[in-house]
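Take a look at the structure below.
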């Protein structure tokens, strides 16, 4: 991959980045030679087989660990230690079990030093956004799986990091709620100009949300293709199904992702 | 309610068995009858001795406990978060911990005298280690993932400690505190046995010196009662500090 | 009697409530310290080393303890002095179980030689190695011609005499060596036999041994010469009272009321009568007595005390002043 | 390696400071010089005293520790699983725990004599409570969800205990064991102080009775060394019992 | 709901079953008046909004808690305590973190008392089935999200309970793997005649796998409709997309589930 000239727009750059975990049973190669450039304000979806290294890629951007080979640059500099510019909604919800929903959403606000009043208002707003208003006083163990995810999403949205890393955020939501959340997310991201990396296994979602979609090979994964999604930035997700470009793009992605199935179907 | 009843039944049964065993199975010289112990307690209560001595011991135990627990929690948090430092200091801490405090009595007296300070310091030392070791283990077993999540939100060490480490380790801290409570009393009493002219330990040793077995047992009963009181205080503190725990036990769970 | 303008507080530390401190108990319960304007606060520590530490730390002013301790301390750089005598008798005596006594064919009244000879192989509890009880026992055993390390089993059991009784009861030991009244209590409570009553001077060689003295830091003595003198004076008043046949019973009653009211009164009376002779008659602490102490100590210790220490470790300033005071 | 070096440097610094402080800042009568302590230790090593006495104390401490820990773990598991029973017994257990063992010396001797048994029982009693309380807390904090999952697989109580409860609570158990190790030594030594003519406690009290401070410190050094040894044994056991923990610390984590 | 005559075929019966959780903040109504009869050998999928009580329903069959109103019968008897006839793959994977993948899969085999050799063989077989052969010695914390789910699935399949309760088992899998797992599951279930209750948010999946699909209302949920899926028991999942009945059924389900979206789309 060639270096792009304007370093300001290249917010995240992977240069032959690899990650091999060292374990007592020997090395586990999670990612191999990742090359990817994400521009500021882009919405990238990541799709690929289970275990191909999608979460690993997000981890490297967040600075959970450095790449074992190659480089991961954020805003021109190698990521070293926890990357304070990103917000990360991990695959596991990682809620604080000893805090209620409201208190969980408030964590980043407390860290940011907001006053009690400001926190309360913001928490109420966010709880409403994710449909948890009635459950603000519940503990995570009293929530359903999808509700926990929504709580984690609200917590992420509570502060305003430059970049959002979302690891299968909507997998546990029903179709309707998922659509609503997708619309909310796109509108927030769009209005605030955030950069997003979004992992999903739902190929329709991967197309519907993305500016570009990175497709991983089977693990130890590398990025096989980056599919451009030439849909408008302002798109009506609800009507997308009827857009022929969308239908074609999902078909393409499907073929890319599941050649065996596609083959069978072609018979 | 039913629980208290069952406990009462057991207590009464134990006391009755003891009443009959004493004198019959074992000389009263060694284990005195509960009725006589009650007599002594009654006398000490009516002449104010009990309250006077118990107040002193309670004061020593409580202050020593607070001091030891506070330092134990602080050092446990510090070393739990500073792994390298903990590794360097580990053998020294364990060495100090292994010293039989009884054997150091002359030194304790030399440095801290024979007054309240000495007993408070002795109690604090004992409690410190118990609270420290549990707190440390608790802090070490806080989920690294959770800490990472918080750091990504821009949390400073202070936030990490107050928002993740303490809440995660608090069960450990309270386990350490509960383990320490009886030792706080034991520490104060042993301190009083070392040197004193007041406190339950003094009552105990004077009774022992006079071969007044009923007195010895009365002092022991008072010590146990104090420990129960202090223990209750810790339970209340635990319930306040861990609101989610209280509901966890009662909470219906789903999987 | 002379009185002081205001009461001077003196904190007094000692190990246990034993007859080894009889003179002091008498002075205290007879109110002689009060009479001399001294307010005594008493601290009991369970062992001599802790009582000594309390005095050295400054929390206690005066330590009542074995005279050998003073030499030992000074030798290791702790500046304390003996300034008054408390008890002149090695009060630690040996009590054994009746079964053991019968098995070995001895009674309280057997000749000393027989009693000594019977001790071979006995298991005797002492408070701690190096304690007065230990040394007394070793001395007795050596007198009998045995090796204290081999021929007799000396078991250290701390200062809780109830423990000795338990062990006797459980058949774990044959007897123990300690000061009155514990030997007498054992006689009564667990059917013990007082085999060798040193407190009553049964062992002629140790009769009159200067066992327990009053000690203080050099600094304290320099700052409080008058208090020291009054302390010594009160002791002298007690000595006089104890040895006055008219007042002996009165003193006994006072000591009983003040210290031993939990004890059987008759038993106390027996002990009292047995023991009053351990109370010195004078405040004298001559060099020869001190040399005896050192010799006795050196006989059973790895470390040896030098006799040259006597002059710096013993002061007669307080006793001299006390004598003047009382006149 | 570097770790050991840093520790050595600290150790040497402490010993040097101590060497100079003793005599200068504080009378040797109370804190003896390390060089003199070393002399005494050297003497005890060459005449075999050290090995003889240390072996006895080690034996008592080790057996007492094993016994107390085994019973503590067993009772902790039992009561941790039987909540009702635990609630009923709780005040009685805490009452016994609060008794100063020192004050019970006459009873210990009456029942267990003055030989090894008494010291082993005393040590076991002390260790029991520390191990029990931690094990119990650990068992109580095992995830109910996990137990439900296992029960659904048809697990009997035995399976639940071996497959979920013990592995979940084992960090707690080992924390209890580590807390007990020094107390095992302390218990044996205190037992020897109560009654004995052998063991490090006896060496200690002989030296103390002799006002032989160097001897006291030499005995303390030997006690600490034994504790370190026993502690090491527990660490090794922990590493074997918790293979996943060993790798957890070293394992790279991802979120 | 009327009682069915043949009690043998009615394996699971909900009769006006409700569940209200008692919490310190007051009661939380999770399910209301659930009526459902599941015949032996049926494959039922459950769909519905997040938080509507799907997991709660499975919990009641498993006997995690009894209904607070109404009845839940299993094989004619009220469920009391843990129901030993069911295997439950919960929404959270609940793997034993201190056991490797192989040891996790082996848990039910150990409980069943299989010999070491038998266990080893069966574990190897199952690890292969879920594609974790290379990871049998990894601990759960070393797996990707999808791998953990697969491990839980393998553990469930390790023993052979009469009824399988599956709570979003394939949500974390990529399309290809998901299809493979769906096929495996249907073939196992079919050949062994198992009864299955399967929660999913993927409406295509809900139709593709089911004999009947129960649709929940928004929480406190009850079952609004049970949709019959008149497809063959032996169906070729790979070619289902081309089956017009399937296409129609998914459309029906979509309309049922997300009326708002359907409306919008109809514009």
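For clarity, chains are labelled A, B, C, D and E in written order, and residue numbers in each chain start from 1.
Operating definition for what follows: a contact is a pair of C-beta atoms (placed from the backbone, for glycine too) under 8 Å apart; a residue touches a chain by one contact, two chains touch by 3 or more.
Note that this is a predicted model, so its numbers are computed, not measured.
Asks: Which neighbours does chain C have in common with chain E?
Replies: The common neighbours are B, D.
Asks: Could you tell me which pair, B-E or D-E, is linked by more C-beta pairs in contact?
Replies: Pair with more contacting C-beta pairs, D-E versus B-E: D-E.
Asks: Hey, what angle do you get rotating chain A onto chain E on C-alpha, to the nearest 5 degrees?
Replies: It works out to 180 degrees.
Asks: With centres defined as the mean C-alpha position, give me the chain A-chain B separation in Å.
Replies: 50
Asks: Cα centroid separation between chain B and chain D, in whole Å?
Replies: 17
Asks: Using Cα averages as centroids, what's the distance between chain B and chain C in whole Å?
Replies: Computed value for the inter-centroid distance: 37 Å.
Asks: Touching at least two other chains at once: which residues of chain C meet that condition?
Replies: 49, 53, 56, 160, 162, 165-166, 169
Asks: Multi-chain contacts in chain D: which residues touch at least two other chains?
Replies: In chain D, the residues touching two or more other chains are 30, 106-107, 110, 145, 148-149, 193, 205, 208, 247, 251, 253, 255.
Asks: Going through chain A residue by residue, note those that touch at least 2 other chains and give them in order.
Replies: Each of 21, 23, 55, 62, 64, 88, 90, 92, 94, 142 in chain A touches at least two other chains.
Asks: Of all possible chain pairs, which ones touch?
Replies: Listed by label, chains in contact pair as A-B, A-D, A-E, B-C, B-D, B-E, C-D, D-E.
Asks: Name, in rising order, each residue of chain A that touches chain E in their complex.
Replies: Those residues of chain A that touch chain E are 21, 23, 25, 28, 47-51, 54-55, 91-92, 137-138, 142-147, 150, 167-168, 171-179, 201, 203, 238-239, 241-242, 254, 257-258, 260-261, 264-265.
Asks: Enumerate the contact residues on chain A facing chain D in the complex.
Replies: So the residues of chain A in touch with chain D come to 21-24, 55-56, 59, 62, 64-65, 88, 90, 92, 94.
Asks: In their shared complex, at which residues does chain B touch chain A?
Replies: 145-146, 148-156, 159, 163-164, 167-168, 242, 244-245, 247-248, 251, 253
Asks: Touching residues of chain C toward chain D in the complex: what are they?
Replies: My answer: residues 49, 53, 56, 69, 72-73, 76-78, 125, 127-131, 134, 153-158, 160, 162-163, 165-167, 169-170, 172-173, 301-303.
Asks: Could you list, by residue number, the parts of chain D that touch chain B in their complex?
Replies: Residues in contact with chain B: 3, 6-7, 10-11, 14, 30-31, 87-88, 91-92, 94-95, 97-103, 106-107, 110, 129-130, 133-134, 137, 141, 144-145, 148-149, 171-172, 175, 178-179, 181-182, 185-186, 189-190, 193, 201, 204-205, 208, 216, 219-220, 223-224, 227-228, 231, 253, 255.
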